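Should a chain be cited, it is by its letter among A, B, C and D, assigned in written order, with residues numbered from 1 in that chain.
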Amino acid sequence: MSHGNGHAEAGEHRHSPAMYIVGYVLSLVLTAVAFWLALTHAMAIGPLMWVLMILAGLQIIVQLYFFMHVTEGDGPPFHSVALVLGLIFTFAIALMSIWIMSFHSMVA
Amino acid sequence: MGRGWLTRWKGVSLMAAAALLLATGCGPEYIVLNPKGPVGREELHLIELSTVLVLIVIIPVLALLAFIVVRYRDKPGNKARYMPNWSESKVLEVVWWGIPILIIGILSVYTAKTTFALTRPPEADVKPLTIQVVSLNWKWLFLYPDQKVATVNYAEIPTGVPVQFELTADAPMNSFWVPQLGGQEYTMPGMAMRLWLQADEPGRYYGHGANFTGEGFAHDNFWVVAKSQSDFDRWVKQVRSTAPALTKAGYAKLKQPSVIGTAEYSSFPPGLFDDTVWINGGRYMPGMMADVTGRASAGSHAGGSEMNGTDMSGMDMNGKG
Amino acid sequence: MAVAEHAAHAPAGAAHAHGAGPADGRPLEYRDPHQSVKILGFWLFLATDMLLFACLFATYLVLRTHTDGGPTARELFDIPGFTAETFILLTSSFTGGLATLCMRNGNKKWLMAWLAVTMLLGLSFVGLEAKEFAADVAEGANMQRSAFLSAFFTLVGTHGSHVSVGIVWMFLTLLQVARRGITEITARKVFIVNLYWHFLDVVWVFIFTVVYLSGVVM
Amino acid sequence: MPAGFQHFADTYLMWNEGPLIWMSDALIVLTSLGIVGALTYFKRWKWLWREWLTTVDHKKIGIMYLIAALLMLFRGGVDAELMRTQLALPGVHFLDAEHYDQIFTTHGTIMILFMAMPFIFALFNIVVPLQIGARDVAFPYLNAISFWLFFFGAMLFNISFVFGGSPDAGWTSYPPLTELGFDKGPGENFYLLGLQISGIGSIATGINFLATILKMRAPGMTLMRMPLFTWSVLAACVVIIFAFPALTIALALLMLDRIVGTHFFTMLHGGNPMMFINLFWIWGHPEVYIVILPAFGVFSEVVATFARKRIFGYSSMVAALMAISIISYFVWAHHFFTMGAGADVNTFFAVATMAVGIPTGVKVFNWLFTLFRGRIRMQLPMLWTLAFVPCFAIGGATGVMLAVAPADYQYHNSYFLIAHFHQVLIGGVVFGMLAGMYYWWPKMFGFKLDERLGRWAFWFFNIGFYVCFMPQYALGFMGMQRRMYTYPADTGWGTLNFVSTIGAYLMGIGFLFIVLQVLYSIKYGERDLTGDPWDGRTLEWSLPSPVPHYNFAVIPTVTDRDMWWVLKQEGRTEELRPKPEEIQPIHMPKNSGRPFLMGFAFFVAGLGFVFNWHVLAALGLLGVVACMIARSFEYDDEYQIPVEEIEYTEAALGRL
């Protein structure tokens, strides 16, 4: 069997075009909402930052699930564990660096 | 070998005992262990407490190891029990997860308490003295904003008065350390940090830059001289009347890398400290200038701060802590 | 589990008979353990790359306000520009995904087409970014101007160079697909280069959130 | 002399720097000539290329790491002896400030990055595939690249001493001292690029071994049946892949400052030097656990083997490893408690730091109880392990004392700190790596290292250690700062420094005994004919020593933890012998010269950046890219070992 055209058996497609389209639309919508919120100054700056970060977080999930097939793979989902740890450390680095480098003290 | 091991453990415990001795009794050259002020004393208490707490675990560990090694040696005729498959015990596991947790817990509480306590002046009802410290390559410039005098490589302070050292650098980062008065704090370009120290007895206390700054680093020491309030006042008067003034040009020259002796000045350019902090990046530190200055040239910079608009309330720059 | 993995180094026959049976339901790129372990390896690489960006983000966040009297974020950022970049990259992530889909359907022609589209979108993204950078520099906002600009150019530029690498890499993959068709090896390569691409899309989402959007609202 | 040459010699060969440099120059030239001569004389060039420089065999790569680590231990050790000589008495002028600064910088950097790292990688490579029943690592080609990146990174760093000048701002390299304004010389560039190149290699190693352990285990070897050394490698790799990117960034940004003129960490134009310190320790703290975790793994293997007992509390050990590797990520600010980031920051990081003591303590107790009710054989690996326990316990305890933030205001940057970290680095990492080296040496080379000479080395090194470093705690309490090239007599530090120096010499003698021991044993060491010289417990001891290059003729099916021990107990060792009917052709990765060339290309690029020779830098980078593209088009990278050859090899080893 030549490799070029084989493996088109029906059963193995857990991802139909529909998945990709849904993912794309979701990512567009999330982005549009973020832009709209930010550029119209719809909220106060504090809550706005939170909302923007949550929207970005949702984008991660969209990319991972719809495009990157995180749920696939053979064997236990070691890669997901690595990603989760990586995300925790990412936020730890960013937030704690800000905390440390702001040099403010809790006591008067 | 059997005997070798025994003597070896003896050796180790002897050394541990010696270390302990050093850490408790000890001559005047152990300056960290002979503090002359409340801050150093408080830190010494913590040093002692933590030593005792860790020894509570470490000594049994060493003893247990010695015991096991002697008893379970693989030598002919050893009658000690041998259980090659014994490898689990819930009770023991609980013990050695539990005890360290307990000890670390206790230590954490004291650590937290002291960490916060040291950000406050050691004495609340005495009016503190402020000294501004600029670390240069490789010398220490002390500015007395209220007395208007300045010194190089030594600082005089009155006993029994909390001293607020405001620290910055106009050179690579250094660290301001007077072991007998208390722990150190970095002097950083563009930052104004605060360190509270206080001397209870008159004396001449060794101080040294503790963070590497290049070639002249080994000669980067200074002295803090504590004397009674009246002697201190007399010293100030004397410096004011006899010493030359520190000019802008003089400062620029001082800033050049060099190793020099001591010097004193009857005055210094007003706002020298704040300008130094400001130029080296202080303007990016929310709250910093508001806290440290208020005295000198803060006003003139206020408009330029990039931090306008962000919340600065409560962002107090506290040295220690 | 370990049994299956072990096939990686089991004696030839099993591991190297390509397509361990069409009915096993696993996508092509996972069938040969030699290839699927590379996918895991690549995920791990992405985790470290994520931390790389984390450090750049942390640096940017700390230095964001350190403008030294030079241009600030709000003055500098060009809203239509980065909006366009964002939508181009999002779309390219989608088309990259379609390439994977076609690969799994065994459709070599469309696989190649979608890869090409993705590359072109990537190119236009890089082009826009280069234009943006050039415009900034022309206004005197270069990376030597202030700490803020150093951090900005480094963060965004690192992403941009990742994208550029991705384009070259995708091109190499495309050539191999053209020459060899969809095999376990090329399938794995296509899958991985797309993982990379989607990952860069995620990073960009954070760049436009943390750098651009926050920059213009603050 | 022509002016051009004069200039070259002054700038790059540093001729006016004095005898130290001349001696090193001469030594290097002589050694290189010697090596080239020997290779030519014995006609070994081809052998060197075919068997070593192009190898992708994890066992050979491991051996190369080991040799590099021992050489670097020597280089770093000589640095240490020089420093101790300088500090023996007050006011000595054996070294001037400039040279002393260079020496402690190279000492620290080399010991951590070019000694400890390759040492752990040596053991990763030699042991992990054998312990999990695999034929090689997941990515053998990448493994070779990692090695050559490490090698050429280390080369780049090391040539600085004789070519252009060494870095001299400490292994921590804090700006703004390391910014152009204060440090013109190429030394700092050597530091940045040498570390950067080898650091990329380390990240690749981390990924490689993580994938290997997760995916290449023999059938039946579940995670909870893995030997603890493999677990410790897993834990270390987790830390590597998440921590090293921070080093990459810290170095890259500082390099941009120096080469491109950006302002990340400068004093002016809004730079923030503290951010470098922050980034450096985001890597730097986890780094010390990266090097200690594999040592913990070694101790776990050694303790069980030499006490002839199952490891105590296996699941607890695993949990502790993972806990250490995760917590180690949240403690970095304890290296700058005195920066004044705030009482809240200090308290958080102090408590997190102390918390690491809890899982570490659990490990200590589990080792002790593995020995308890065992039968302890005092052979070299066990000796080093037993010496480790008190040394590390005390060093760890002083670590906990350092973690008490307000107390640290008094210890920071003093010799108390120096004593702490040597006690954990030497008592933990060096003892651990030596124990591992003695333990697996027969597996690598087929003979044991001489026991008697080993004991001399052991006692000299150990006694020397305490004599050298215990006084340094006291010196810390006397207020002696680190990184001082000399001190005045009136400080009263003279006596203890003198004692410390004697200790350092004793350690030097100990090291010489190790060298002697290796040389002696090559000729006279006891040959290992069984493949199981220590009566071991794990899979690697079921193989002959040295191991055939395909490792397992037939991949074993694992049924137990400590499977080899269990089989021996039940008299079923035959089960792990290959049976003729089970032998099938084996696929192995082909050798490749490209990893070596790629490392070399990196070296060239690095050199170009160090001296701002842009053409050279571009050429080097081009070489790197060319190697990568060539690899992308490489499909035929495996070959097959036919059944007959395997049968022949196994029969020759008496296993068929």
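Please note the rule applied: a contact is a pair of C-beta atoms (placed from the backbone, for glycine too) under 8 Å apart; a residue touches a chain by one contact, two chains touch by 3 or more.
Bear in mind the structure is a predicted one, so any value in this text is a computation, not a measurement.
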item: Intersection of the contact lists for chain C and chain D; value: A, B
item: A-C compared against A-D, more contacting pairs; value: A-C
item: Centroid distance [mean C-alpha coordinates] between chain C and chain A, Å; value: 13
item: Inter-chain centre distance, chain A versus chain D - centres from mean C-alpha coordinates, in Å; value: 36
item: Rounded Å distance between chain B and chain C, as computed from the means of their C-alpha atoms; value: 47
item: Whole-Å gap separating chain A and chain B, where each centre is the average of the chain's CA atoms; value: 44
item: Multi-chain contact residues (two or more partners), chain B; value: 116, 119, 191, 281, 284, 317-318, 321
item: Where chain A touches two or more other chains at once, by residue number; value: 75, 78, 82, 85-86, 89, 93, 97, 101, 103-107
item: Per-residue multi-chain contacts in chain C, two or more chains; value: 5, 33, 36, 40, 44, 47-48, 51, 54-55, 58-59, 62, 66-67, 180
item: List of chain D residues in touch with chain B within their complex; value: 97-98, 101, 168-170, 174-177, 182, 267-268, 270-274, 307-314, 316, 336, 338-340, 342-344, 346-347, 350-351, 354-355, 357-358, 361-362, 364-366, 368-378, 386, 389-390, 393-394, 397-398, 400-401, 403-410, 412-414, 462-463, 466, 470, 473-474, 476-479, 481-487, 491-492
item: Chain C-facing residues of chain B, complex; value: 281, 284, 304, 306-307, 310
item: Chain C - residues contacting chain A, complex; value: 1, 4-5, 18-19, 22-23, 25-28, 30, 33, 36, 39-40, 43-44, 46-48, 50-51, 53-55, 57-59, 61-62, 79, 83, 86-87, 90-91, 93-94, 96-98, 100-101, 104-108, 180-184, 194-195, 198-199, 201-202, 205-206, 208-210, 213-214, 216-218
item: Touching residues on chain C, where the partner in the complex is chain D; value: 2-3, 5-6, 8-13, 15-16, 33, 36-38, 40-41, 44-45, 47-49, 51-52, 54-56, 58-59, 62-63, 66-68, 143-148, 150-151, 153-154, 169, 172, 176, 180, 185
item: Footprint of chain D on chain B - complex, ascending; value: 1, 5, 8-9, 11-12, 15-16, 18-19, 22-23, 26, 29-33, 40, 42-44, 46-47, 50-51, 54-55, 57-58, 61-62, 64-65, 68-69, 72-74, 78, 80-89, 92-93, 96-97, 100-101, 104, 107-108, 110-112, 114-116, 118-119, 172-173, 175, 177, 179, 182-186, 188-191, 193-194, 206, 208-218, 279-281, 284, 317-321
